[in-house]
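So that you can tell them apart, the chains are marked A, B, C and D in the order they are listed, and the count of residues begins at 1 in each.
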Amino acid sequence: MLRIGLLGCGRIGQVHAGSIKVLDDATVVAVADALPAAAQALARTTGAEIRSADAILASGDIDAVVIGTPTDTHFDLIQGAARAGKAIFCEKPIDMSVDNIRDCMDVVVAEGVTFLTGFNRRFDPNFAALRARIAAGDIGAVELVTITSRDPAPPPVSYIVRSGGLFRDMMIHDFDMARFLMGEEFVRLHAMGAALVDPAIGEAGDVDTAAVILTTASGRICQISNSRRAAYGYDQRIEVHGQKGMLRAENQLETTVELATQTGFARAPAQHFFLERYQAAYLSEMRAFVDAATGKGTADPGIHDGLQAQILADAATLSRETGQPVDLTG
Amino acid sequence: MLRIGLLGCGRIGQVHAGSIKVLDDATVVAVADALPAAAQALARTTGAEIRSADAILASGDIDAVVIGTPTDTHFDLIQGAARAGKAIFCEKPIDMSVDNIRDCMDVVVAEGVTFLTGFNRRFDPNFAALRARIAAGDIGAVELVTITSRDPAPPPVSYIVRSGGLFRDMMIHDFDMARFLMGEEFVRLHAMGAALVDPAIGEAGDVDTAAVILTTASGRICQISNSRRAAYGYDQRIEVHGQKGMLRAENQLETTVELATQTGFARAPAQHFFLERYQAAYLSEMRAFVDAATGKGTADPGIHDGLQAQILADAATLSRETGQPVDLTG
Amino acid sequence: MLRIGLLGCGRIGQVHAGSIKVLDDATVVAVADALPAAAQALARTTGAEIRSADAILASGDIDAVVIGTPTDTHFDLIQGAARAGKAIFCEKPIDMSVDNIRDCMDVVVAEGVTFLTGFNRRFDPNFAALRARIAAGDIGAVELVTITSRDPAPPPVSYIVRSGGLFRDMMIHDFDMARFLMGEEFVRLHAMGAALVDPAIGEAGDVDTAAVILTTASGRICQISNSRRAAYGYDQRIEVHGQKGMLRAENQLETTVELATQTGFARAPAQHFFLERYQAAYLSEMRAFVDAATGKGTADPGIHDGLQAQILADAATLSRETGQPVDLTG
Amino acid sequence: MLRIGLLGCGRIGQVHAGSIKVLDDATVVAVADALPAAAQALARTTGAEIRSADAILASGDIDAVVIGTPTDTHFDLIQGAARAGKAIFCEKPIDMSVDNIRDCMDVVVAEGVTFLTGFNRRFDPNFAALRARIAAGDIGAVELVTITSRDPAPPPVSYIVRSGGLFRDMMIHDFDMARFLMGEEFVRLHAMGAALVDPAIGEAGDVDTAAVILTTASGRICQISNSRRAAYGYDQRIEVHGQKGMLRAENQLETTVELATQTGFARAPAQHFFLERYQAAYLSEMRAFVDAATGKGTADPGIHDGLQAQILADAATLSRETGQPVDLTG
């Protein structure tokens, strides 16, 4: 039984608590949150104790931590947990600073603790199946990856301002997915973007619509497009072309019902809410963490993957600002 | 070069004339129609002469006839053409009387002439591909066939009255398709139907909505449903279940365009007009007739198939009227 | 908090226990099973006590029972639970004898207890959405319903023998769905069937492939087809035609991934396992039962629906054996 | 009756001759080709005379020319035809030199002759319907366009060498489509590409896999990807995102047949051959030319569109070679 301390009792912490409840070989021993009410609510649901974050890091009855606190607290918590020898699950982004992530990686490596970065989409059954088919050689060598990722609606500008920008907040998932599918690191990136959805996002210095091209040393290409708006639901699609064909994962629709009338054939919108869309992924992700922490599996994506995605997000941010491609081999 | 006399210059005659124009090894030598204007119009388009039907049957420069005249004229034309040794293409239904069809069959067989019954749907590329895959063993032995056939809108009641009823006018195509796909004759049939689309059709003694179950001696089952109405286009679908799986042919939509908005994903209606839907089938059908008439292929479906479909249509009409199943082995 | 006694700890009992665990306002207080090991296993998972069925019916701390025991025990349990004033959830079929179901209905009505029949498919989000759209008038008056229901593979013949036959064991779900969607009782039914999948099923007196047509007094038609085999997964589809168009619910596939190679475009099989396919339905069904038992909703489908479906299943069994249609108005 | 002189009797000339045959108000009077056999073959099929290209330009009985000769002959033929006052249909690319196209445009404008550039895809019923829906406001203002265009297999390297490269030979169609759909000129472009399909293409200085991002002054984005290989057919897809939703056009498959077996659901490949895929487009394109030449419609796309597409193709070629974005506003 893996004994877990849950750091952060907000929405994502609750999701992870729900997943752990379903697992037979893990339990939440203690929860911590800066807001007492949040910690109390989750303690009630899980039956866990409330402790401070520091107490959790120091607890002898805790084997692993799940970090779902605000990004600027990750650095200290990771350092502390690693030094205490605890397995670490950390939400993305690990840190806004690539240097900080490198520091964390050093400690994690030095201490030899399990570290899983919360790129939940790798665990989506559709994307995981797509990846497995690439690995099985169904389309031969990968040549071109196209990722489409669109949120149903933009977050408030107050969130945008603190988010690090679209490339670090939203496209970072797609950068990780691109690496996951391509199987070769990128050497060059060019990002373009604009505020087409909401001018206020542009005034805040960010974009809400963006496209990026990345290439690898062997010439493989990845296209990513993002938008903060999609009327028809949470748009999450992937298309991979290889020597022998194409693999693509379509959206999950709300139902399988189709209505045919004189205007044609109408199906339901895509699932709107990310918790609904990635429900299976969140559970599978926590399953993988518990397996890794208990020696039954490897921690993948690891802290190195979190670092690489952040490097790409930084490069895209720079490329969009300068209008120039960025060399990633430096 | 197969020299063809076209009997009947109405809509279907024009379709066949258009198909023959595309073929390199056939030509329309003469056309005939009870309405001089219709004959003139088609003569102009094809460059053919206008002759009487009798003259065409007697013409030494004509190898084959395409019969697209009203059903009650088929009997005499078939007899005449067969005795004149001409290859015969005849629109369905061959005749409203099964006895008459048997008489025609006797003459056709005795004279040894080519005879192709105009069950155009067998030549539809989709249904032909489906059939080919059954023949290739892709689903193993056939167990259950489901045919859905719905017209976009009912014809005028004046047409219904003279049509022989839904089973002989409309479902006859599906009876032929059922035989084509099943590969085993039916031994029992039960038809149900009602006038749900237009009460005037019911008052005229016919139905506009109907379903039939047929079974074969070995227990295989076929379901057919028909309606005179389909808001979303001309609905023409087939589903075949076998030992190893299912084959199905979906509708051809007007375009491949899909619109995604907050209400969901909307595609175009099915093609509405039967000439558009079966354009490729009509051409392929005439190609097959010319091949058969010139010794390069066999005439399939033949007059026997026209007879069998009519027998099923008669049985369905009876079954619907009596409310009882009909034994087809008698 | 609704206090539930779970009668029967087999597969379906475990499913219901899992659903109740997710609900906040219901709890399993006690479980019973003829097999001690089964009761112990479920007691461990749920934290419930083990009691005898009789003790559960007599328990003052139990408000409701969930009956998932073998069919031949239902009669006594329903009678006992109703007399004890407990809300009743009962798996289908309620009883193999229509007379017995009528007796149960009398007691349930006399005692005024909540009774929900476990026709889980009504609660499937897809089928429920389809029904809601009919109710919303999206296709106008219903004219033709086509239900396709195929199991991935046949059960052992030992199960078949005790099952009451395909119409009572399998198609009963579709009879209920047909009534649910049609909104008008059926007056006539004709069933055909054969053992095409496995001759041993035929030797056991049952069929494994069947089709039924039903009609209502106003002439509406329903087609149902069943097979004990579907290579491509658990095939569960519905198509409803009305005045203004068609509604259909397609299968849920295992993933959304599509592979395109030189042979074409390949998608995943349909979900194979009924517990996976109807996972959401089982949860929603138990939600509805708890709501009904606590006065927050109505029990629908009720015992009357269980009775009607059994009447149709009996009629289909008879029709298939005699080869004749059955009048349902008697 | 528009009297047409056909310049070039190769494959595309034959396509246009076939289209003209179908039109009632146009006829091919004369054909010309450097290869006598090619001219003879097409003369036979069309019933047209054989003349030299110069003779056609000088013929008083010819109103319009259809230019399907090698690209390096276009310049002189356009100049000659325009000065002779003839309506001009010219295959893309108009010329490999943007300066030459500008010179042609000057003459065409000065002489006031009809000029239609053969961007056939604008006339594809699917893409035309998609464009019409954008124009109708179905998705509001366009924000992001994604075009996927993949040939089934690469042409011989001998063709590649003379083709001007992938961007001018293949992606030029997509550049035109991008302008057609976006409705705003592009100001910036970045192209990436590699020879992943065949190293010999790389040795010839070209790429076979490429992706381009373009942006407009208002920040709208277009992604285009091309490959010389697609195992599953001729891949021609478009996706357009706007304020209110998405429009996409999928591939046309060879048939509508789907096979379901234990590996899942398999549909047919996309139509492989461009003449089959764009059959309707070629006919509609010639219809539009005849309309424009006879004063019944406007010539769209005109020579200006041919020029703009060539400018984008040149820029993409440069961008790919330098690795830098290209400013298009200069």
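Here is the rule we use: contacts are C-beta pairs under 8 Å (C-beta built on N, C-alpha and C of every residue); 3 or more make two chains touch, one makes a residue touch a chain.
It should be emphasised that the depicted structure is a prediction, and the values quoted were computed from it without experimental measurement.
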item: Per Cα centroids, the chain farthest from subunit C; value: D
item: Comparison of A-D and B-D by number of C-beta pairs in contact, larger one; value: A-D
item: CA centroid of subunit B to CA centroid of subunit D, Å; value: 40
item: Approximate Å spacing (C-alpha centroids) for the pair subunit C, subunit D; value: 57
item: Subunit D: positions in contact with at least two other chains; value: 231-232, 244-246, 254, 260-262, 268
item: Residues on subunit C engaged by subunit A in the complex (per definition of touch); value: 125-126, 129-130, 133, 138-139, 244-252, 254-262, 268
item: Residue ranges of subunit D in contact with subunit C within the complex; value: 231-232, 253-254, 260-270
item: Complex contacts: residues of subunit C adjacent to subunit B; value: 141, 143-144, 146, 148, 150, 188, 190, 192-197, 209-211, 213, 215, 218-221, 223, 225, 227, 229-232, 235, 241, 243-246, 323-325
